[in-house]
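What follows is a pair of complexes built around chain A, which joins chain B in one and chain C in the other.
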Partner chain A sequence: MIYLLSATIMMGTPLLFGALAEVIAERTGMMVTAIEGIFLMGAWAGFVGGYLSGSLTVGFLAAMLAGLLVAGLYGWICIYLKQHQVVTGVAINLLVVGLCSFLYRVIFGVPITPLTINPLATIPIPLLSEIPLIGQILFNQNILTYIIYVLAPLSYFMLYKTSIGLTIRSAGENPEAVDVAGINVLRVRFLTVLLAGVMGGVAGAFYSIGFLGMFTTNIIGGRGWIAFAICFLGNWNPKGAVIGTLAFGFAEAIAIYMQSIGNSAFFPNELFIALPYIMTIVLTISRKSFSVPAKLGVPYVKEN
Partner chain B sequence: MGTAFFELRGISKYFAKVIANQDVSFSIQRGEVLALLGENGAGKSTIMKILYGLYKADEGNFFKDGKEIKIASPKEAMELGISMIQQHFSLVPAHTVTENIILGNVRGIIDHKLFREEIKRLAELYGFELNPNDYIRDLAVGVQQKVEILKALYQKTNLLIMDEPTAVLTPQEAENLMGFVRDFTAQGNSVIFITHKLKEVMSVADRIIVMRAGRVYGDIKRAETNELELSKLMIGRDLKWVTKDDRQESLDQEVRLEIQHVTLQEKTGVPALKDISLTLHKGEILGIAGVSGNGQQELCEIVCGAILPTKGRVLLDGEDITERKIRARIDLGIGYVPADRSSDGMIMDMSIAENMLLKSSYDKKWQKRGFIDKKKLNQYALQEIGEYSIKAPSPETIARGLSGGNQQKVVLAREVDNGEKVIVFDQPTRGLDLGAVNHIHQVILQERAKGKSVLLVSTELSEIFALSDRIAILYKGEIQGVFNSAELTTAKIGLLMAGFREGEVSNDAG
Partner chain C sequence: MQAKLRDLLITNILAIVLGLVASGLMLLFLGKNPLSAYSVLITSVVRDGYTFADIFVKATPLMFTALAFAFTYKANLYNIGAQGQFYIGAVIAAAGSLLLQNILPGWLVLIITLLLTIVGGGLWGAFIGFVKARYNSNEFLVSMMSTYVALAIMNYLLRTFLIEGKAEYPQTDALAASVWLPRIIPGTRLHIGFVLAVLACVGVWVLLYKTTLGYRIRAVGYNAGAAEMSGINAKKLYILAFFISGALAGVAGFTEVNGVQHMLVQGFNPDLGAAGIGIAILANGNPIGIIFAAILFGALKVGGTIMGQMSGIPSSIIELMQGFVMVFVILSYFVRTWLENNREKRKLQKAVAK
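Right, the complex of A and B next:
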């Protein structure tokens, strides 16, 4: 049980990175539908950077840069060229899949056994980690988990208590009001998309070098989309994103646990692996009221 | 007259190949109220958006107190003391009054309490009743406008530009606004307001700039002109306005359409329509007056069958049609010209002919061996184009390419044919130039003369008065009263539109 809850927090970490990135960007009206590709590019760059340099820090920096580049491409096409956000995102996601497996082979060839590196170690926090139960679950995690649980309340504060947050929220509700107030709508949107790219890159690298210690092209397997769904289910609010993340983290933890004990007497393993995805569908349908940013997905074009 | 407060010299603006403004020059003095008068599409809003930095001028210069200035963005305009209230307010409905006012005017961490107090004080100073914590989506349009004005005052504006500010107000609210304009300019500030209403211009402006087709056609002191001269400058020709004398009294008093105790409950629990009962006779125009958003659209949609009432019945020639589908009602002869033609009335990327076919596409008369009989359809469309003097090269012309007035005529032509018995007009002339308005008014009167019944929803009182036999006033989904149009005055109808009941409206107001 302790293992399950601890794994919940850990598996929730990259999802929360992605979901918060999505919340901030979507509040300005930008659905970052390239999130799956950003995750994958981050996973790839994190592994390559980490493997070649031997330093996980370099790996994560490379992942941030890779996420930034993918997000930059997406933002440029959607915001400045005013193309459709869903279509553009899907195209970029497909592009990244091909790009990653191609570049992986260019660099490493086709290794007989998969290349591995040591993933991110856990850092038990002195004293706190020794509290029974809670200590194991909350305070024996890796650095990224600690960072994201600091970032979550910070992003809430930023959105609701600062001028930047007010601008971000207004841009998704009525960009014209932002424009008339003398703020560059396109720049606000582009910057948040770039931020989402950096956070999404870290999230992707979590899978390759934070957890598994290796890279495969199906390493993300739709988890970017899950982060995307958490943003919806969390009602575009960091608080909701945290709750949603824990639910999905738990589903993933169960899947991993069931796989590890190999108990398939009653249920096939595949069912548990599919659990997070089934949950996405069930929750999305059952959710009743949403406060969708009014201009979500709509490019801002000045009328003439 | 000393140096002008602000001056525009030779401003031109081109959108693609279309000339929006050409060589526009005028100035505004401190403490002056300037009216920018012109028809829709005359370039009034564009020139003001240029002054406010939303658009970039292609040619020309700006001066403040005689010194040349550059205005590249709204931010720079605000720093010069210019504020502009857009025609469609630029407020965020999901945010509070406070959040809307401070947007773009704060840095760092927001001290909500401090700003609330500050805004409350500012509102009291100008006698605005406002709660800074209210959400914009809960406020009436008139109050929303006050929020827009406060936003400008909060930025310490000296030149306030308002785009069609009275379009959404009751006559009394408009009068209050004019009161504010006088107070504000008495303190040495200036106001430019964009309008196409001559009456308004004559009551509040010190000086009038008349625009037509992107150019300035007149720069006149109010005291030196009159409505007739202004309307000629504005339109560029004379118009003969329809008046009540143009028509015969309605003889037929047979009831055609009856709306009995209709109530419409919204999902939120608030009724959009409350116990509405109206009768419409043959050959009669029943005007529905009221500020927009008081249930007019819902009423129209119940008549044409787009929505079902929660309670009550609709009868056509004594037959209960409450449960009839839209298509059945079209067959029964109910036509509907919706308020928003671009979203509800037509398909912009289809041709004129296709749009005319839109509501009777299933009709056998358009078919030939299962396919659309293009030849017949085009012939019909061509005939309608002639009859309604729609300015279009052919029936194949795509609707989007037409002017607003001509698009509306296409919808009108179709619905007049559909509506053999009843035609519902929801704001048929909104946003159109005077020539098109005049034409549409004539069509409405012609159909009445043929014995058709007309339900006319309009927020323009002049339109209601010019056409209606009887007038019903709608306020928050309730009928405030039904009157013969001769019984009503602008002042009285204004009070009814603002929610006062007949008993509460004294005869002094009349």
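Right, the complex of A and C next:
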């Protein structure tokens, strides 16, 4: 049980990175539908950077840069060229799959055994990690987990208690008003998408160098979409994102645990693998009231 | 109108060329000459009838998944779960064929299997429309997630009930030759499913533009509120549109299993759904345009496979080409709007000058 809860926190980490990234960007009216591609590119760049330099820090920096580039392309097409967000996202995701597997081949050729590196180590926090139960679950994690659980309340504070947050939220609710106040709506949206790219890149790299220590093109397998879904289900709010993340992290922890103990006759592995996705569908159905940002998915065209 | 069509053709062709150039440039990273790679590709595709026919074999399922996206797109709904509906169709096609092939004559099995995939894929799709209509769920999200559920179902069945007699790999036994879709050109893999796909494109065009149902679907897509005011039941249409969409994607499973693979293999054709969306966008959602756009993507697939067989070029070049073409096609939408606006402006200026 301790193992499961500790794994919940760990597997939730990248999802929370992605979900918070989505929350901030979607509050300005931008669905980041390229999130799956951003995750994958981050996973790829993180592995390549980490493997070639031998330093995980370099890996994560490379992942941030890669996420930034993918998000930049997405933001440019959707915000400045005003193209459709869903369609653009699908196209970029497909392109990223091609890029990652092609460039992996360019750099590493066809290795006989899969290339691996040592993933992030856990850092037990002195004293706190020695608390029975809670210590093992909460304070014996890797550095990214600590970072994101600091970032989550910070992003809540930023969104609701600062003028930057007000601008961000207004860009998604009433962009005309933001424009009248002399703030460039497109720039606000673009910057939040870039921020989402950086955070999504880290999230992707978590899978390759934070946890598995290797890269394959199906390493993300829909986790970007799960982060996207958590943002919806968490009602575009960092608090909701944290709750959603814990639920999905738990589902994923169960799936990994079940796979590790082998098949059981009654509950096939595939059921647990599909669990997060089924959960999303069930939760979308059962959630009645959403406070969708009014201009979500709508490009902003300034009137002359 | 004429100017619009000209813009569409020119910008799309430009987008395709730029997409191929961009992927060609990537070949430089491998130290390959893109020009010679492409010329080998073109000559080998044209030289050999089998390979040439394969373009249309590859285009067949793509037409169905592209139609699946385009159909709901007209109602301003996003079905990005065609991949999952295709998997459901493929599972049903394989299970139905294996179950019935020794009991009934081949042609009857084919018809029954086709109908079963239509119903199965359709219901899997209609579920998305249902939760959209009943609970106001986000259809984009639900359709995305339903793909992963369908994949899990397929993997589960392939590991248990449907696994081959030897029980070695996660795949079914081969289908008996009596339930293979008949070939239309001997000596190639081109099967009657291609004709079915073209007919489906024409049929969807008629349905969308020549029937009341199609008019209603487009009306809901254009302005759901106004359509509702004029007495169109939008909710019913959501379910119906998603049923038809899912059924179309499901039939892709039938043509692939009974026409090409003659068995069900784990994880086959993983990018049909995404490529279908690219094709629908390239064709601007027009069902007739989809025929040509799908053939183009089929050519990219066949071309990419040939490149993969030539030394040292990985088969991921296919995804690269598809991805680049899609991104450039989206950019071409921007260029078209820009051209259109300029034209309007000039017209306006002329009118004012008079």
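As a convention for this text, the second predicted complex is superposed on the first by the 302 of 304 C-alpha atoms of A that agree within 3 Å, B and C clash if a C-alpha of one lies under 4 Å from a C-alpha of the other, contacts with A are read in each partner's own complex, and residues count from 1 in each chain.
Note that in this section contacts are C-beta pairs under 8 Å (C-beta built on N, C-alpha and C of every residue); 3 or more make two chains touch, one makes a residue touch a chain.
Only a predicted model underlies this, so the values are computations on that prediction, with no experimental measurement involved.
**Student:** Based on the superposed arrangement, let me know which partner A:278 touches: chain B (first), chain C (second), both, or neither?
**Tutor:** Second partner only.
**Student:** So in the superposed three-chain picture, is A:96 touching just chain B, just chain C, both, or none of them (first/second/both/neither)?
**Tutor:** second
**Student:** Would you check which partner chain A:166 touches, where first means chain B only, second means chain C only, and both and neither mean what they say?
**Tutor:** Touch partner of A:166: chain B, not chain C.
**Student:** Let me test your reading of the model: by the given contact rule, A:77 touches which partner, first (chain B), second (chain C), both or neither?
**Tutor:** After superposing on A, A:77 lies in contact with chain C but is clear of chain B.
**Student:** Which partner, chain B or chain C, is in contact with more residues of chain A?
**Tutor:** C
**Student:** Just to be sure I read the superposition right, which of the two partners does A:179 touch: chain B = first, chain C = second, or both, or neither?
**Tutor:** It touches chain B, and chain C stays clear.
**Student:** Please name which positions on chain A make contact with chain C in the complex.
**Tutor:** Touch residues, chain A against chain C: 73, 77, 81-84, 86-88, 90-99, 101-103, 105-106, 217, 221-222, 225, 228-229, 232, 268, 270-271, 273-274, 277-278, 280-281, 284-286, 288.
**Student:** For chain A, which residues count as touching chain B in their complex?
**Tutor:** Going through chain A, the ones touching chain B are 161-163, 166-167, 169-170, 173-174, 176-184, 291, 294, 302, 304.
**Student:** Contact residues on chain C for chain A in the complex?
**Tutor:** Going by the criterion above, the answer is residues 26, 29-30, 78, 80, 131, 135, 137-138, 140-142, 144-146, 148-149, 151-153, 155-156, 159-160, 271, 274-275, 277-278, 281, 314, 316-324, 326-327, 329-331, 333-334.
**Student:** Which of the residues in chain B end up touching chain A in this complex?
**Tutor:** By the definition above, chain B touches chain A via 15, 20, 46, 52-55, 73-78, 84, 86, 90-95, 99-100, 102-110, 112.
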